[in-house]
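What follows is chain A paired twice: with chain B in the first complex and chain C in the second.
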Partner chain A sequence: MPTRDELSKYYSTSAQFSPVHHQQNDWPYEIANGEFTAYMVPPHDVGGQADSPVRYEEKEEELWELNTYVTCEVLGWRGIWNSEERRRRGNNDLGASLYYGFPYYGRWIWSAARMLVDKNHVTLTELLEKVAEVKARNEQR
Partner chain B sequence: MSHSHDHDHEHDHEHPAAPMVEEITDFEVLEIAVRELAIEKGLFTAEDHRKFTEWAEQIGPAAGSRLVAKAWTDPAYKARVLNDAVEACKEIGIDWTEPTGSGTPSDYMNLRVLEDTPTLHHVIVCTLCSCYPRPLLGHSPYWYRSPNYRRRLIRWPRQVLAEFGLLMSPEVEIRVEDSNQKCRFMVLPARPGGTEGWSEEQLAEIVTRDTMIGVALPRAGRTADDTRPVHKARRPVPHETEARP
Partner chain C sequence: MSSDKSAGVPARFNVGDRVRVRELPNLFYTRTQMYVRSVTGTIAARTYEDLTPEDEAWNRDDARREQYYIVRFRQKDLWPEYPFAADTLQTELPDGWLEPANN
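== the complex of A and B ==
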């Protein structure tokens, strides 16, 4: 369990990701139509947005990234999800904060975990227990 | 996450100081957890994962280079490539039905090869995510998946190409193809001068990955893509350099 101080840090960090946190009245009764349209723009549809040049780098692949790619593909191969239905939507429709905040394959593995729970292949408790087990196993090393 | 080496260090304060031993990241933990649960629940087998990994580790741009070199030297083959690229891939040893018998779940078996001419240059992007002809070119470079490349290439193609070091004459039309799940694209660059009489093997050496994305042009003597800064992996895929030139 996180301490009160830790929780406070997490909340203040997530408030920086999400502009809505900065509104005192965060229970809107109505929103302007333009605001609705803005919320509806899918974060992965980036065509035509303004931006400035950056330095394009090559990146070596982490082992977990390759494993994530393979796990997601094999889940598709074995019919657990198909790439259109849950896979692509899961990777992309995360909301702008997670979409831009997570690494590319972070979005993939997050959506795979979420799908396993959504489709009742594992319970949320099983997933959390497994995560804790993997963490403990690696701390022992 | 606390070891992310990107340029954005503003979130570092929320994590404790790095321990002496390199800490496993939350995504590494989640990856192991999902894989192990899927195997324990019988959703797939460890052998399935191993078999797919074997395929994923050997794909790379060398296959695309062979296709381009063969198309440059054999007009009949080029016609077959432009007519049905997936079928024509078989002749250079690439079967799009691998590794499952019906292809990969995400690489829909439809490829269009875009032929450059002296007055027309193609470059590919996927504005919605990262669609890329994996069986021919391997895994996409990370910058290809970046929102920056995706949003800017379709708006300012000449400027973005210039940032890659490719200055295109105003007389050359630039055509950007936006890949999607149902259709993948690859660029067939124009054969450069000074390569008359070369063998397919010699030609393939100058057909680098970037020339098939369209952010570079092949030329005699240019056998590697331009050097860019490399973001090193903390725990890389073993033997990656051998598998992915």
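== the complex of A and C ==
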């Protein structure tokens, strides 16, 4: 349960995720054709975007990243989805703010969970209860 | 379901052919980068036959396989401000995203 202070931080941080290119209205009645085209670009189509230089780092994958990879592949072997294009579409469906903000494998696990709910393999209520249960277990340690 | 679901679409292009990437809209999902659309390049290699990304992304295993190609573009054709005339960029595209180019 967040404190009121934490709640206020979540909301103010979340408000900063609104599109950088925004009108005074956050729910415009119409947008120009060029804006529509820009909004429709799949987030993974990043070629040609301006960016600052990035330092190259050798980094081993963490356990949660490997577990995420294996989970997504196993869901593929079981025929629940294909972990290539279907999974990648799920990554893009995060939308620009979350896609660019999440760690690489964070996008994967978000997509796997969303797919399992979408395809009625788990209900959202079951998933919420499970996440709460695991969180409580971790807090006891 | 049709009986020829695994049969591929006949490949239309060969290595060395000039091709232009079609100008299709972005709707939901694609792997075709915006910066290659309506740009002309050269087929550098034929790779394999597979579902298009647009079909595979919705698990349309009943869709027809298409030939994939590696297409080579001049960097200057993609980015007019690019400084090195000899540099190229290669990307992989399925048959349906390409059309023949004469120049």
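We adopt the following convention: the second predicted complex is superposed on the first by the 128 of 141 C-alpha atoms of A that agree within 3 Å, B and C clash if a C-alpha of one lies under 4 Å from a C-alpha of the other, contacts with A are read in each partner's own complex, and residues count from 1 in each chain.
The definition used in the following text is that a contact is a pair of C-beta atoms (placed from the backbone, for glycine too) under 8 Å apart; a residue touches a chain by one contact, two chains touch by 3 or more.
Quick caveat, the model's predicted, so the values are computed rather than measured.
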Contacts for A:His121 in the overlay, against chain B (first) and chain C (second): which applies, first, second, both or neither? first
So in the superposed three-chain picture, is A:Asn82 touching just chain B, just chain C, both, or none of them (first/second/both/neither)? both
Once the shared chain is lined up, is A:Glu57 touching chain B (first), chain C (second), both, or neither of them? first
Answer with first, second, both or neither: which of chain B and chain C does A:Pro28 touch in the superposed model? neither
Which holds for A:Gly48: it touches chain B only (first), chain C only (second), both, or neither? both
State whether A:Thr71 touches chain B only (first), chain C only (second), both chains, or neither. first
In the superposed model, which partner reaches more residues of chain A, chain B or chain C? B
Using the touch definition from the top, say if A:Gly95 reaches chain B (first), chain C (second), both or neither. neither
Look at A:Met40 in the shared chain and tell me whether it touches chain B only, chain C only, both, or neither; answer first, second, both or neither. second
Which chain A residues lie in the overlap of the chain B contact set and the chain C contact set? 45, 47-48, 82, 84, 88, 92
The chain C residues in contact with chain A across the complex are 25-30, 33-35, 51, 53, 56-59, 78-79
Touching chain C in the complex, chain A uses residues 37, 40-42, 45, 47-48, 81-82, 84-86, 88-89, 92
Can you tell me which positions in chain A touch chain B when the two form their complex? 9-10, 13, 44-49, 51, 53-71, 73-78, 80, 82-84, 87-88, 91-92, 100, 103-106, 109-110, 112-113, 116, 121-122, 126-127, 130-131, 133-135, 138, 141
As the complex stands, chain B meets chain A at residues 4, 11, 14, 21, 24-25, 27-38, 41, 43-44, 48-49, 52-53, 56-57, 100, 104-106, 127-130, 139, 141-143, 145-152, 154-155, 159-160, 163-164, 178, 181, 228-238, 240, 244
